[in-house]
Amino acid sequence: MTVRILGISSLVTLALTVWLGIWVTPPDRVQGDLVRLVYIHPPIAWVALYLATGIATLASLAWLWSRSRSPYWDRLAASSIEVAVVFTALTLVTGSIWGRPTWGVWWAWDARLTTTALLLVVLLGILAIRRIPADPETRARRSALAVIIAAVDVPIIHFSVVWWKTLHQSATVLNANLQPTIHGSMAWTLLLGFVAVTLLFFWMLAMRMRIERLTDALEGAELTDALEERWAEGAPEVEGVAR
Amino acid sequence: MWRDALLVAGKDLRIELRSRVVLNQVGPFGVLVLVLFAFALGPAPAPMLQAAPGLFWVAVLFAGLLAVQRSFALESGDRGDGLRLAGLDPAGIFLGKAAAVVAELAVLEVLLGAGVVLFYGARLHSVGVVAAACLAGTLGVAATGILYGALSSGLRVRETLLPFLLLPAVAPILLAGTRAWQAAMSGGQPVWPWLVTLSVFAVVYLALGVLIFGPLQEST
Amino acid sequence: MAPAVLLRAAVALTGRFPALAGADLVVAQGQVVVLEGANGAGKTSLLRVCAGLLPVTGGEAQVLGCDLRADRAGVRRRVGMLGHAAGLYDELTVAENVRFAVRAAGGDPAGIDPALDRLGLVGRLRKTPLGRLSAGQRRRVTLAVLVARRPELWLLDEPHASLDARARRLVNELVGEAATGGATVLLASHEPEEALPLADRVVTLAGGRVLGEVPGGRGRPAGRLGLAGDAHVA
């Protein structure tokens, strides 16, 4: 039920954002129609860089630190990592669509872009670890530790890339262009964009969690079958011993 | 912890002294990387000189990758059973293995540094900066390498998984190490931010390794 | 006194396969228990569980008073395992291997030389790199590590494999001595006749569970003669 409400409200707010973003708000003086990406790119980046990766990190810590080793935290971590991959990729795609006309190139070695690209590789690495067959607890432990090792790295990567740029070139283009152009209806649309994309993220997360839960249940059933098969292996010899 | 670290480092280095796998195989491989990049860059000296610091660190990262793989390959038995059964303190194993890799890489770095000077005509004005950057960077490479090495050891896909995990993680070392070398070569550029970045990276990962190596060992 | 090994409905998975499917076993301290069963019955997995290598995902598991489900690394220093992967290094010599293993487990280095003597690893053999030894000689090195480390729980996986008759007798003697010294021994074997005379109990495993047990020959009148008697029977 909550999942359905999440889904409907995210779709409605997303549709509203698209309507406001394309038909209602005015084009920018400098960037023209291109500025409309501002309603979608920063919200996606916020979800990818902070929300999804943050939830994955916290869930991994919770799994490691809680004595119960609850599969819930592992499911949450797994789901948010997967959704984070989607949103990080979208951040790169929308960023580079924006970059082509503004910077004149598809790819610039901008600090944020570079960090985001490395983050995507790191997230794909964690997904690769999760895909290695193992019993559920080992897989959860491996994944949680990989997330923590990577989580420590991302800020260091970010700052070193920022210094790398700032010590040699001017500050990032993205930052300079973004701030002064926002006012009036545009601010409201941007805010709505944030709400819509955040809702979309939680909807996807909830759906993904449901799939994980069902997979776990299926694996649990498979384990019960495997146990019964294992018991059957020993059955004929029970009589042998009894005799 | 320190006692076990010494024990493990001594054991790993003794095995390396006997087998010379890192020195005789990884070392030449690192030099080969430098030579191959020289081919890619063409015979003009200017681009080579500009690329020299970066290529040094790329060669160090590849060599570090192989040294880490070797460090786990010499633990007999699948899943690292032997090392876990030995009853050593996990933090000690982590520090010991990292120390052995640092020692091995230090020798290779002298070799590679000589290679950079020889092949690319690089001139190092400030040897102290270079040495400090190498030390901090190597500690960082070894610490991350042993962490990811433990995570992927015993897995059937370890050969392909380890580079995929390790190389993006050590990107800050490549970046900061290269800038520090450039500063040491030309002078006049700020060098402290890079030495600080390298040191922070090394300290953070050494501390993290001491904390999580226990659970990490249990995840294979 | 807490039992050396206590398993209740213990389930352990290798990958998704239930290697132990609800095993029940209680072993008192100082006992020698032989585990027998067909290939794939779960003998090795049971030993790996007791060594704290294989996580227990269901049921109860305690070794030497430690709860394995809470902390399975804690027992390793007190447990000695002889298995397929020996934890030895080909590049190190026999003496160096034993010294490293003993110091790693926090054992007494004074026990190293007598242990090497006991296993017949004398003279030039001690300075030979492990990589040049035969399978039987390697097994003797692993046994020397156990003897020198004096663990409280011995976990022996097919200790008689690849050994000649004399060495097999030696293994039996060592097991007897360990048990007399207060250690507990779990010994997995698919040819239990070899180990029967020194066992207090012979436990049958199948399908990852304990199916039943029979008493062994240790402590019976014939066995009371001690090691010489055992060797004679063998």
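Lettered A, B and C in written order, each chain numbered from 1.
Note that a residue touches a chain if its C-beta (ideal position, glycine included) is under 8 Å from a C-beta of that chain, and two chains touch if they have at least 3 such contacts.
As the structure is a computational prediction, the values presented were derived from the model and not from experiment.
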Farthest chain (mean CA position) relative to chain A: C
Centrality ranking, top chain (CA atoms only): B
Whole-Å gap between the CA centroids of chain A and chain B: 30
Where chain A and chain C are represented by their mean Cα positions, the distance between them in whole Å: 48
Computed distance of Cα centres, chain C from chain B, in Å: 39
Residues of chain C touching at least two other chains: 55
Sequence positions of chain B contacting 2 or more other chains: 218
Chain A, residues touching no fewer than two other chains: 138
In the complex, chain B residues that touch chain A: 144, 147-148, 151, 155, 157, 161, 164-165, 168-169, 171-172, 175-176, 179, 189-190, 193-194, 197, 200-201, 204-205, 208, 212, 215-216, 218-220
Contacting residues of chain B [partner chain C, same complex]: 4, 7, 11, 14-15, 18-19, 74, 76-79, 81-88, 90, 214, 217-218
Chain B partner contacts - residues on chain A that touch it in the complex: 64, 118, 121-122, 124-125, 128-129, 132, 138, 141-142, 145-146, 148-150, 152-153, 156-157, 159-161, 163-164, 167
Chain C - residues contacting chain B, complex: 51-53, 55, 72-73, 76-79, 81, 83-92, 96, 100-101, 103-106, 129
Chain A-facing residues of chain C, complex: 11, 13-18, 21-22, 40-41, 55, 57, 70, 204-209, 211-212
